[in-house]
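One chain, chain A, links the two complexes that follow: it is found with chain B in the first and with chain C in the second.
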Partner chain A sequence: MRKYAPNKFRSLTVAARCLALMLFFCKPALAALDIEITRGVVRTIPIAIAPFDVSNPNGPNDMARIIANDLNHSGQFQVMPQNRLPQQPHDADAISSDLWKTLGLDDLVIGRAVPTGSGQTKVDMTLLDLFHSTQSTPTILMQRSYTVANSQTRALAHHISDVIYEKLTGEKGVFSTRLAYVTVQPMPNNPRHKLYSLMVADVDGHNAKPLLTSTQPIMSPDWSPDGGSIAYVSFETKLPQIFTSDVATGRRRLISSFAGINGAPAFSPDGRSLAVALSMGRTNPNIYTIDLGSGRLTQLTNDAAINTEPSWAPDGQSLLFTSDRGGAPQIYRIDLGSLQAQRITYIGAYNASAAYLPGSSTKISLLHRDDRGFNIAIYDLQSGTMQTLTQGGSIESPSPAPNGRMIVYSTNVGGRRMLGMVSSNGQVNIRLPEVSGDAQAPAWSPYKG
Partner chain B sequence: MQARFKQSFGYSFFFHIVLAIIFFVSLSDSLITIPPASSAKEVQNNKEIVNAVAISEDDLSKEIRTQQAADNAVKAKAANEARQLAAAKAQALAQIQQAKQEQAAIAVKQQADAKKAADQLAQLQAQQKQAAQQLAQTQAQTAAAKKTADAAAAQKAADAKRQALQQAQKASATANNNVQTQNEINRYVGLITQAIQAQWTQLPGAAQQKLATTMIIRLAADGTVLQVQNVGSSGNPALDRLALTAVYKASPLPVPADPSLFASFRELKVKFSDT
Partner chain C sequence: MKASLKWAMMLLIAVALAACSSKSDDKNTTSVVGGDQATSAGVGSNPDFDDSMDARMAKILGIEKNTVYFDFDRDVIKADYVPLLQTNADYLKKHPKARILIAGNADPRGSREYNIGLGQRRADVVRQRLSMMGVAANQMRTVSYGSEKPAVSGNDDYAYSQDRRGDITYDNAG
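Right after this comes the complex of A and B.
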């Protein structure tokens, strides 16, 4: 036995070597072919939202409609109209993927909203991926359950839009943020006089509530970075003054009441100060900052030109503002350390209302006038290019969303001012629901608003 | 002065000639015409002629002496002038000589300087030459090495080529088939790329984001996607999912029907990347 052992061992090594050799020659045949995909198709995600309301699936307040509206308005989704849905399922196991796939959909949202009595509603939501596997049943990407007061179902719908948006695009949604804007309508009992209201509404224009009403103009609302208060200009004493109002309680605080113009308040990113335009009894305004804690005033610009519309850089170290010191309104940037102002825009004879686009330190949204009138444009500080997003020509007061994907504005429609939104690539442009009278000076809240 | 000298000389010459003629005439007369003691009168006459001639000769010699004195004076004057000229010449010469010497001195200095510069240049050139020689040597070594390497490579290449040729000759038909196979594979790779690309959604907002997702795909014989495995995430689950969706939406993928060709398509490595 001992005699054969080495031979046996040798034959084993030979076998192993043969195997290794075979594997070596087999390997090239097993290597995967390389495919490089370098260019996709820029388009929105096709999605369907099945009705949530079991008892009244086609009601106007069905959460599915609110979600569909949100996603459609985001510029990132294409929501299939409800009347084209082949089924109205509420449960995932009742769904055949193939039926929905043939409609060209990527994803499907199903849910169920059932009143529990005692003024509450129980809501289940499921996000299904129709192309996550080869199975004929869809893959569940996300499943959530909520119980909310009946009055909160609309807010919950916006929240569900946010989680769907973030799951499918990788970015935070803005559907739970709010808009502040000013409405102007004739006084009910005296149509020759006007009534001004500072409104706060959901981002889809619904759920609008007045924060302040006045017989004199209200202008330039701006949100604090925590979304807790709004600064604005009120002419309630017939002279412009700057106030802040607490959004939850409505409590007001007078910030600036200097001689002449008190205008264009803008909260600093840390919320501790306001940049404002003050004329201090002269004919032209200059840019100042007011420390909200100490009330200390700091003058930033000092010349005879009109300097207004200050807007903070994300780092709080500089401001953009509009000035006609060069003869026509253009955007300038002033460094808070050196107080050196530098002209930013050179394209076009009129640029105003600048703001950094959130999520980008190189792009600013602004109001740009060219041969098509006043439109929203994105100016790229790096490339020096100006991209016009709208065509209307009567745009005012652009204010970007906190994720930088959409910009809200006011525009003239048939002699009335209305609110609209445009995606920051210009592909989606929508109107917000009509209000009575004019809607102007919109300001998009931060995330926590 | 010169004209006078010329005149005096002319006179002197003329009178010498006249004298010579008279001399020869009188001689021939005496040879021919003088009869020995023919008549006293005749002798008297002859004597008078001779005297006359003699007188004339005296005058002539007197004249000649005067002339000679004049000549001498002229000569002396000329000599004096010549001496003066010579002295001037000598002085000029001396000056020229001096100038020449000075020039020579300068030239010598210049030459010395030039030599010095030349020496330096030569030294420099020598150094350069040495460096060049070193370089040349190095280059030569390198060239030699390269040549050797080239030769080796050429040999190797030639060997490889020969072997390849032999192999190719051995199986030219197979090689032809291989080319066709490769073309066919490439064609289907293109078709699959197109099919997935058409389904890959790039969100309007996400277009600027850098994305690189790699997945391994296993296919059934009809091109149906059986399994997808993410082997390199972009770091953004939402964007990874859009790539995954593109693969499943493109299923079944276009694959060759020939089973031997399909073997290459059983497993694909798909890389999504923004350009």
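Right after this comes the complex of A and C.
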């Protein structure tokens, strides 16, 4: 961890910085990713990433571009546009300190990606401290060397982003994590009918692949804690059933097919059971757990209200859930030992889709309705305060990143559903690359196992 | 018996019409230079039995759309829809082998899983009313699609009013 003193780059006005960022992202190669600073000043780390690719330094797939994208994405870095770099060095001894000193940068990343000829690429990366350096040459903070298959350079770029992020912020990065979400597209030859796909993509929206495609709805994907499988609801028989799919092989397992609602699966922190919402042939769903080993079913709630969206506490001893037992949907917590349920939220007439924010035992992310509509909010259990993070108003399905820094959600843009991310301090809002049709119900994966 | 005959006739007519339309509309003849000729013809699209079933049932029942609409955040059946339910009840009582699926739906606002709960309430209210009208329990199944199957695209009050609904579809006409 380091402290950040004010410097010239930071003293630029917020407007100018936002404009610079916008111009940077208006470049065609990155047009798919749309970042907006929604409010206030962000304490960002000014950094530059010099091109890695020696032969084609400005190509859209240059690892430096991917790393720059990742770091900007986090909202915690401000990456200097490449066309403002005074040099494009690949080695530390090629750096002319005088050229970099006045730019107000804290750090510089340089690297070299060279194909070895046997389908592999050798990648060297050096992270340099420009700000604290008193000598004529910058201080080397970190040096790494990798040899990977050519097809893995994008994944390696995300890994390097994680390494840089952790070195400079002291927290784990989430650039190698993935998103699961559902897309809905009209059938090509019968637009009245829809095609639903459960997709898995890199967290920057690239490498999207379908895990399941169906002519009936798919809902509520949830990752197992090891990231190896995804639980979800599929209506492929016209009625809801809960399945798990192995992410690597696609192998499926039917978990729950009771009469009525089978919904809202949530893996326990130890991965051994699923909390679910079942109506058992009656109207209102209650919360149950299903032991994935023995299949044993345990009923946790038992009343005539809607009880759904179970979400585990990090210690696995209690669950948050949504219930309208008080007349409108609010968040409750149930202790697995005593089965006593206690109401958590009192601010606003509609709170749902709660989850503990990773890394915090007192904050939960949720869907909160106020006079601006449905937005993502953080509720602090200790102070009892609700902070609304988004302004869209037709937002749903919040899912926090494993480091708790960002929350992915689904929002309505011009009549279509798209994925967005907001930082848990509300300062950075990102729209993910468009897919054809609608994208909804996102779930952020855990860290790569 | 009579109804199923009527039905088979309608199916025949539908198939014949489909065949005609694929001949007249989808065929496409192109002349090319030098006397050679290429002929391309569309193969038509597969008939959609699910929807034609809905359309046929609507015709048999003499209704336009077999759907009950609900007010915002409500699961009370409005008086306007009682005759529609009575028509279905009369048919189901006359055709004990007929089977229906009642699908409850919610508008797209808010939590998807909570909306599943709202949709189930609407489906069950329709089932209860049909049951009161004398329909046997084993003729009816319910499901909630929540906000997963919006009736129309759009994010205005009209679109929402079309989404808050219970759809009755016949799995078996009896």
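The criterion applied here is as follows: the second predicted complex is superposed on the first by the 405 of 449 C-alpha atoms of A that agree within 3 Å, B and C clash if a C-alpha of one lies under 4 Å from a C-alpha of the other, contacts with A are read in each partner's own complex, and residues count from 1 in each chain.
What we mean here is this: a residue touches a chain if its C-beta (ideal position, glycine included) is under 8 Å from a C-beta of that chain, and two chains touch if they have at least 3 such contacts.
The structure displayed is predicted, hence computed values, not measured ones.
Looking at the shared chain after the overlay, A:Gly111 reaches neither chain B nor chain C. Of the two partner chains placed by the overlay, only chain C lies in contact with A:Asn189; chain B stays clear of it.
In the superposition on chain A, A:Leu168 makes contact with chain B only, not with chain C.
In the superposed pair of complexes, A:Ser353 makes contact with chain C only, with no contact to chain B. Of the two partner chains placed around the shared chain by superposition, neither chain B nor chain C is touched by A:Gly420. Residue ranges on chain A touching chain B, taken from their complex, read 29-30, 32-45, 75-76, 106, 129, 131-134, 166-171, 405, 423-425, 427. The touching residues of chain B, when paired with chain A in their complex, are 185, 189, 192-193, 196-207, 216, 224-226, 236-239, 241-246, 248-249, 251, 263-265, 267-275. Those residues of chain A that touch chain C in the shared complex are 189-190, 192-194, 217, 219-220, 235, 238-240, 260-261, 263-264, 277, 279, 283-285, 306, 308-309, 322, 324, 329, 350, 352-353, 367, 369, 373-374, 394, 396-397, 412, 415, 440-441.
Those residues of chain C that touch chain A in the complex are listed here as 45, 48, 51, 101, 108-114, 116-118, 120-121, 124, 141-146, 148-149, 153-155.
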